[in-house]
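One structure is given below, encoded as structure tokens.
A, B, C and D are the chain letters, set down in written order, and residue numbers restart from 1 in every chain.
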Amino acid sequence: MVVALVGASGRLGSAVNGILKRQHLVFEVDKEGGEYKSLQEIPFEYDIIVDCSCADQSVESTFDALENGIPVVIACTGHTEEQIKKIKECSKIVPVFLSYNMAIGAEVFKEAADLISQRFDSDVHIHEEHHAAKKDAPSGTALSLREVISKNNPKVEISSARGGDVIGNHEVSFFGKNEIIRLSHLAENRNAFAEGICKAAEYLRCCKPGFYDMSDLVEHFPIRSL
Amino acid sequence: MVVALVGASGRLGSAVNGILKRQHLVFEVDKEGGEYKSLQEIPFEYDIIVDCSCADQSVESTFDALENGIPVVIACTGHTEEQIKKIKECSKIVPVFLSYNMAIGAEVFKEAADLISQRFDSDVHIHEEHHAAKKDAPSGTALSLREVISKNNPKVEISSARGGDVIGNHEVSFFGKNEIIRLSHLAENRNAFAEGICKAAEYLRCCKPGFYDMSDLVEHFPIRSL
Amino acid sequence: MVVALVGASGRLGSAVNGILKRQHLVFEVDKEGGEYKSLQEIPFEYDIIVDCSCADQSVESTFDALENGIPVVIACTGHTEEQIKKIKECSKIVPVFLSYNMAIGAEVFKEAADLISQRFDSDVHIHEEHHAAKKDAPSGTALSLREVISKNNPKVEISSARGGDVIGNHEVSFFGKNEIIRLSHLAENRNAFAEGICKAAEYLRCCKPGFYDMSDLVEHFPIRSL
Amino acid sequence: MVVALVGASGRLGSAVNGILKRQHLVFEVDKEGGEYKSLQEIPFEYDIIVDCSCADQSVESTFDALENGIPVVIACTGHTEEQIKKIKECSKIVPVFLSYNMAIGAEVFKEAADLISQRFDSDVHIHEEHHAAKKDAPSGTALSLREVISKNNPKVEISSARGGDVIGNHEVSFFGKNEIIRLSHLAENRNAFAEGICKAAEYLRCCKPGFYDMSDLVEHFPIRSL
């Protein structure tokens, strides 16, 4: 397929580009003179947009997808509620994929945390670790984990560590009576996310209009093909 | 209820006794002159048998349960296939509970390992740790984990460490592409098992004849009451 | 030896008592009518005082030690600077042992953390876990660790988790460039502290007047005898 | 400086090249027609040889270093005792650096393991994890760790896990009485080794003839400059 990759020169965008290029034609879209070149000006037809840039631009990308009647994978974070609302509106007409942790394993990890919190009476603590340059804490993944777990158990705390060049490590500890269950997810490198983004693009291309996230992808794909 | 506790003076039996006594009447049955006193000679009526002794004796206990038409919880390990067959035969007439890890969290842990192995493409490694005096390796729990996981993924290896006074620690590592999920269960002390055994006894008392294990208990009890 | 054990009926005191009793004569001192019975009223001669009660009482115990010209092991926490000053004053006349983590392994753990922070360029994070009932955070051990590490590296953060019945778990993560070193200490049960307290008592009995802590004990004892 | 980098196109060699190039002139030496081009044929003068190829070739590189009177850093593994003997012989005339784990943190990790095993009475277990393609087990680092620890404590066991794309993870567990100390080292990516190799080259250039390893490097460099 032909992919318009927005934010292709960023750290995550480069990793995505490296993987997509093996099997697909990629049109790289990057900032020029401080602004992203309009997707309208791309001289080719493209089948899908993958956006690894930033929240603001991803809304523009979604509008472009809408105009072209093609799907869009949003692989950036930090959207306002207003932006999410706009994106969801578009997803009534074209397929939109949005997830705040694009690693496939992170989704399975979340499902397992959900299961354990339903079944095991415990105090829950989430500890997350990221590289020293990451400014926001707790991470989006930790917040999303807490949201899932707190439906089953209101006693969920989060702590954060920032140091070195950790790509992303999340650990959930379930402190029960006389026993402890721990569950962790480590992203070893950015390809963990890049691979998930590429899978999402391949998956979304065949989807009906709608709002999709990682749970749909994990649900859909038979494990060995992921 | 009135409980006949076989193997009451052993390490696990003592822990079970300590918990049962708070709410129930316990009749302690221990070895006398090298042999377990026949349950037949107990001068009281009892409602249930809990056996924390050994595989051989637990078969006798099951026969006693059969004769008295009462349930039996088997909390020891190391049965031969022949013994399991006999026990299952009895479970057609009376309720029998048998599980090789009586900690409630260990069951939830196994369910989570099952879920992850269904969803996450990975090489799986189980590492288990127990006190220096434990002679058999791998542990029964590790073997049972492998059995569950290998239905979804044949690539499962086990390693074992023996040292200090570790009650029981099991970790499953799912090594995926660019990401790792880990799941572990730590029994902090023997009460982790003792509490599970007492819950099993309370649960089994109201069950119809049949063969039950920890998955039934976890399924049945609403989490906050466990 | 004859030990006056102050706070003998508390959780830690009971554990200490259980171990001391095997080889020594223990005189148990506990609160009566809201106050600790004066050690003066003990009708026996005793060789050493071990105090597992509370900061205030431990100062009294130190004065008693001074009057009797015998050593005192202080195994409680939360002293004010003023109290520490008084205790140190007494240690000019009699041997005094004071450490905020009485587990022998915790001392070795601290020494290893010190070594790593001297040698390995990294961002350091301490994460500590204790049972849900522990109100203060961070733990005294975490604070003391930070003090040691921050001599070599000012970038030390601490986070705390409270849940279940964790006796005490401390992990130090050294996030370097492309590599991570982690070091952790787990107290499996209260005997970890009780054993250290008993060793301290045996050690202190033969010491000259002075102020001693765990580093002296670890330094002194040949490993196999600990 | 001018570096002759042998095995420059391999996975490790590429990583080393990427870092060296930033500050030094690198002459890449790779297999041609199944054989490494003789270093003699290099048309430039070079200051040092760094060999990331294989045991056999590294002996040749050492001979070349000898002929040119320059230092050599050997960053490959699997030497026979005979080869080590030859290399050590050369180190009487020129500086030679050889270490089986070139990550700086791995050396600090080993020193900490040494310290703990001297001080803490325990059963020791080493568990190491590497990517699925690594055929040998246990790893060289695990074997070298055991050698160091077993001087203090003969009770050292090793287990290995192979899976996914783990670059290298080593954990040492010290199972004591009632307490456990754990120490681990994770190489997040190959740059962990490549950085160590480059530091070794810079260090070795100013050394007198002799046989050097990571302990010399860690000893020598003030931490902030590493």
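Just so we're on the same page, a residue touches a chain if its C-beta (ideal position, glycine included) is under 8 Å from a C-beta of that chain, and two chains touch if they have at least 3 such contacts.
These numbers were taken from a predicted model, which means no experiment stands behind them.
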Count of contact steps on the shortest path from subunit A to subunit C: 1
Chain pair with more C-beta contacts, B-D versus A-D: B-D
Intercentroid distance (Cα basis), subunit D paired with subunit C, Å: 40
Subunit A-subunit D separation of Cα centroids, rounded to whole Å: 37
Centroid spacing, where centroids are CA-atom means, of subunit B and subunit D in whole angstrom: 47
Interface hub residues of subunit C, defined as touching at least two other chains: 122, 164-166, 176-178, 180, 188-189
Residue numbers on subunit A that touch subunit B, as the complex places them: 103-106, 108-109, 111-112, 115-116, 118-122, 152, 174, 176-189, 191-192, 195, 218, 223-224, 226
In the complex, subunit A residues that touch subunit D: 164-167, 188-189
Subunit B-facing residues of subunit D, complex: 122-125, 127, 129, 132, 155, 157, 159-166, 173, 175-178, 180
